[in-house]
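Have a look at the structure below before the remarks.
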Amino acid sequence: MKLDRVQMRSTRTTLLLWFGVGGGPAAWALVHVMGYAMGIAQCDQPAGRWQLPVHAWDVGVAAVGLVIGLAAMTVSVRIYFATRGVDNAPPQGRVHFLSVVGLVVNFLAIMIIILDGVGTPLTGLCHQS
Amino acid sequence: MATVLLSGCGKQSILSFKSPQTHQITLLWWWMLAAASIVFLGAVVMLTVAWFRRGTRGLPFLGERETLTEGLVVLFGMGIPVVALVALFGVANLYVIKNSEAPDPRTTALTVVVTGRQWWWEVSYPGTRAVTANEIHIPVRTRVDVIALTADVIHSFWVPQLARKIDMVPGRRNRILLYASRPGIYRGQCAEFCGLQHANMALEVVAEPASAFRSWLSRMAAPAASTASASTGKSLFMSLQCASCHQIRGTAAQATVGPDLTHLMSRRTLAGNTIPNTPADLAAWIHNPQAIKPGALMPDLGLSSTQVSELVSYLETLR
Amino acid sequence: MATLITPSAERHVELLEQVWAERQGVLGWLTTTDHKRIGILYFFTSLAFFAAGGVEALLIRTQLVGPNGHVLSPAAFDEMFTMHGITMIFLFVIPMTTGAFGNYLIPLMIGARDMAFPRMNAVSYWIFLGSGIFMYIGLVTGHAPNSGWFDYVPLASKQFDPGNNIDFYGYGLIFNGISSTAAAINFIVTIFKLRAPGMSLNRMPLFCYAFLAVSFSLVFALPALSMACVFLELDRQLGFHFYDVSNGGDPLLWQNLFWIFGHPEVYIIILPAFGIATSIIPTFVRRKMVAFPLVALAEIMVAFLGFGVWVHHMFAVGLATITTIYFAAASLIIVIPSAIQLFAWIATILTGTPIFKTPLLFIIGFILFFMIGGLSGVTVAAIPFDQQVEDSYYIVAHFHFVIFGAAVFPILGGMYYWFPKVTGRMYHEGVGKVSFYLTFTGTLVTFFPMHILGILGMPRRVYTYPAHMGWTFLNLLESIGSYVLASGLILIVVNLAVSLFRGPLAGNDPFEGDTLEWSTTSPPPPYNYPLIPTVSSPYAMWDKEDRELDNRRLARGEGLLARGHETPASTVQDAEWDEILHMPPHSAWPPVVGLTLTGMFLMLLLHHYEIAAGFLVAGGLALLAWHNKEYAG
Amino acid sequence: MSSSGEHPPRPSGRAGVIPRSSEATTAGAVALVARRRVAQPNGWWGMALFVASEATLFGTLIATYFYLDFNAPRWPPAGIKAPSVVLPLIATAVLVSTTVPMFLSVRAARAGYAGLAARFVGAALLVQCIYLAGQILLFRHDLNDFRPDQSAYASIYFTTLAAHHAHVLLGILLNGWVAARIGIGGLTTYRLTAVRCVALYWYVVNALAVLVVLTQLSPSL
């Protein structure tokens, strides 16, 4: 499908476009903060106030993040192909540009999420590094 | 310079590793260095080519096709790095780290508590009375569990040849594995800035055969041998401020502010590995610590040289 | 040359000259809201602090020239390396890049006539000046901060540092943070809203992307530092227990908060350098940047990922591997945006036809140093190796290659590159080249051996070292290098200072630059552009038709905007002309606000809390008076 | 690549007239400008970024609260009773309710009704003042029970609350200023932007109020 100028300015396209740019990074931020908080909460507590299923949570959150990241990636891929070969005049130039941005940004975010999701289960719970 | 690097000389060089842990870390370092050098030289070559071709547009052989150039940027900027970095992640942070992590207490034969203080190290052996300073004796080829604590600010325990470093943080009970494959004396130093004398807060790890270690430990656990000979020096020690900071087990001096002096003369060095432990250096230290280690918490008591010599002659008996 | 003057255009330009006439003399500089004048103020102030920080560095190197040095006492040494860090980071690099380069160039590059908030721009400068003086009062009165720029508690707590040394740090950084936040907000709004019609996001110069990324980092990173410093001062002044482990606090809380700010800070320092590099390279290799979108996103992505790597400064504090591993992963992947840019720069130089003039030479140096610093950075993302070399000279080498080699070299190159634009005169090319080779050698000789020292086990922040450690020769080498480096820097200053008076006239566009600032006169007039330029690509100056179109429109007096200090505001994404704003010409209130804040922080330091409150109220009243005069926007 | 002869792009789909905001000094003209421009005004963006940094600041405070919580053997520590829930929640609800008049004042100002806008702001201002007075009483009452220099819990507890009350106070000052400005002087584009900025500030402060109160009460929830 191809987007025309009006569609490109539509709120829907704009929202999708920015999800395509920011979705992966946001997902990574979620995974990252959750993972750190879980680790601190479980491993730095002086008295055994609670037992958290850290490994399960880490993997679960990573999986959720991965899904969001892939969704964002899909969106930017779709927009990329929908706007391929346009000139650089706005809006189509800008839309295409942002879709390219989305492709790489999501790739990087997904890479980190995968490393987190694979790395944490291979790591002993609360082994002091 | 390169010879220094390769021979790995130097008392604290991570290149002269003496334990499996540091061996692996150093190996990791050589591999990373090799890879990094290749990348760097590659860039230098490209820039050199750019200089020689400064008159002509486009890539050598490949010409001016923009998509091709961008493809190369993606390949060199993303493709190859991703592979290399993921590999490094696996090797370093999933595999090598297993050896540098805190040891499982069930796998260690001995526990040593090292407490960082401004600016010296207190060393004690749980289960025994032994307390000493700035000198950690361990049996060779034995897994030792070091518990790293601090009495004041943050210090960092670092004996590069035997283990990676671990910070000593108030309120935390950090642990690290200490293991020496070969007998020897390994220098370590505080690695976290801890105030005026951070520079002179060093220690030595003495790795010796198990038997030698055991006799040393029993000697350290024993109280000071009581000697009548240096009684004047002894009474001076008790009457002056000395006794208000230092402990000499088996005497009236029981304070634990400064290092335990029960077996002072058994140590190789003084003042956190700042000066050798000879009677002359000891006298100089007692006479004016601030000249040797400005800012050190041991005050300058303004003693007369006779008082100093008497004190020294007493301290010399603490073997 | 855009201002090709026809008689009719002449009339329009004269009209603008009257409308935008600047106040003369000291009063003019005190009350100015012109982004160019403010940029120049920033430039000279931060240059002065650079000199101070440099002297401190030389003292450190002189102390370490051999074992058991006696140039500095331990106490003096601690104050020196602390002030060196604080000065170079907060009082030199940030104000020099955002304050001087950003202020002067951003509005020019996007074809605007001023920043979005000219008075706030002025107040950021006065607050920065105040905070700098505030922190140096500490040094002059012998109470300089003395527990490192990282200022770890409990060493920085009242118990172990009873004097007010640390208070100069705590209050000073809160104070300084206000300035940086205000400046950052100003840049973001300027770049979002004041871009010349047609400069949609995909047509924005990469320089602006770098500064956009920096500004966002500042806005979101500084609160963590400010809060950490507030906690610190509450602990020190009122006996709170945020960091006091005996009452439920935690010293690692400081480390977390500090590095949540401190790591983005690293990218705040380096990103403007990327921006400068991406505007110098195209000009001197005479082609557009390879992979424009990738470079743009890399600049943003580095800033974003930079918020998720802070714990790699804390790998040795004994956290669980299951928490540190997240940061190891992020610290590794954050390498990729930088790698993309590196190869984009190299590919651009390779496929272009480079002319190796002084600015480009500095960028080549930057590329090499950034590679060294970046690669050593990768090695410390390997947790076990980091735990081995952390807090050793290896780290000192790593970050000096990044924040001196990589961050400062483009600043130096940029000084040469935009010197003709700012002064209207040309620097001396020969001397420029010599100054480059001096600084390059100096940097290499000073900082490279530090890697080896770290590997040989020399810890950081030691005021001396024993002779028998095998560190002596390399330390001597570094100290020699530091003097070579200093001579190179002095030569740059001399070159520019002499050229300022003796240099040949440069004309509007001596380098055939790619961005808009080259289309106006050198130095630019107060209104920057007689009319708002047309833009249809990130390399506006190379779109000759657009420039000719501008000249025709100027002759017709079309879109002149001369009813007052007017500039257009446009839409954020596509930069469509949206409204016409009226900018404040000058204001006396910014310096007043800066003064009241300085007074307030000094009184806080001296525990005169009532007087401090008085200064705060005075500042509030000044703000009230300030907003009494209304400008649309 | 370049597009020769292209004139500066005009706002798409609308008349080519570009509003000169500075000259809109009557209510009607202001409403016209408000209708004409597509993008948010610079002032709005400035405020948006300012409140973003303020939100980060509160994020730091809340993160600190839970960080210390995670590191404590008991939370709140022995000798300090868990906070009482009802009053703070009611107070917060009252504060959050001021979102409505702030929103309406913006609507009124955009439509050019100066007096109405001023009155809505005034109404919000009244409620906010009552809220702040009540919170200060609660704060003093807490100080009688335990003091901030008692434990890390007390430190972060009082610091977080104080930070929030300070933001409410600032908002009250802003509201007072903008209400007076419009009530007395009538509308200009500048003041319209001011109303929108202050409203935005309050939306965020109210949202933060909810987060802060939930953090404050977390031991009792």
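For clarity, chains are labelled A, B, C and D in written order, and residue numbers in each chain start from 1.
We adopt the following convention: contacts are C-beta pairs under 8 Å (C-beta built on N, C-alpha and C of every residue); 3 or more make two chains touch, one makes a residue touch a chain.
Quick caveat: nothing in here was measured; it's all calculated off a predicted structure.
Enquirer: If I average the Cα coordinates per chain and compare with the overall Cα mean, which chain comes out closest?
Expert: Nearest to the common C-alpha centre lies chain C.
Enquirer: How many angstrom lie between the centres of subunit B and subunit D, each centre taken as the mean Cα position?
Expert: 52
Enquirer: Quick check: how many Å separate the C-alpha centres of subunit C and subunit D?
Expert: For subunit C versus subunit D, the centre distance works out to 31 Å.
Enquirer: In angstrom, rounded to a whole number, how far apart do the mean CA points of subunit B and subunit C lie?
Expert: Once rounded, the distance between the two centres reads 37 Å.
Enquirer: Indicate the whole-number Å distance between the mean C-alpha point of subunit A and the mean C-alpha point of subunit D.
Expert: The computed centroid separation for subunit A versus subunit D comes out at 30 Å.
Enquirer: Which residue numbers or ranges of subunit C touch two or more of the other chains?
Expert: 198, 250, 294, 318, 321, 325, 328-329, 332-333, 336, 340, 383, 387, 536-537, 574-576
Enquirer: Spell out, as numbers or ranges, the residues of subunit B touching 2 or more other chains.
Expert: Within subunit B, residues 78, 82, 86, 89, 93, 97, 100-102, 174-175 contact more than one other chain.
Enquirer: Got the subunit D residues that touch at least 2 other chains?
Expert: 1, 3, 9, 12, 67, 71-72
Enquirer: What are all the touching pairs of chains?
Expert: Per the contact definition above, the touching pairs are A-B, A-C, A-D, B-C, C-D.
Enquirer: In the complex formed with subunit B, which residues of subunit A make contact?
Expert: Where subunit A meets subunit B, its residues are 104, 107, 111, 115, 119, 122-124, 127-129.
Enquirer: Can you list the residues on subunit C that touch subunit A in the complex?
Expert: Residues of subunit C touching subunit A: 198, 200-203, 293-294, 296-298, 300-301, 304-305, 307-308, 311, 315, 318-330, 332-333, 336-337, 340, 383, 387, 536-537, 573-576.
Enquirer: Over in the complex, which subunit A residues touch subunit D? Could you list them?
Expert: 9, 37, 40-41, 44-47, 49, 87-90
Enquirer: Where on subunit D does subunit C make contact in their complex?
Expert: Per the touch definition, subunit D meets subunit C at residues 1-12, 18-22, 24, 33, 36-39, 41-43, 45-46, 49-50, 52-54, 56-57, 59-61, 64, 67-68, 71-72, 77, 148-156, 159, 173, 177, 188-191, 193.
Enquirer: Which bits of subunit A are touching subunit C when the two form their complex?
Expert: 14, 25, 28-29, 31-32, 35-36, 39-40, 42-44, 54-55, 58, 88-91, 93-94, 96-98, 100-101, 104-105, 108, 111-112, 115-116, 119-120, 123-129
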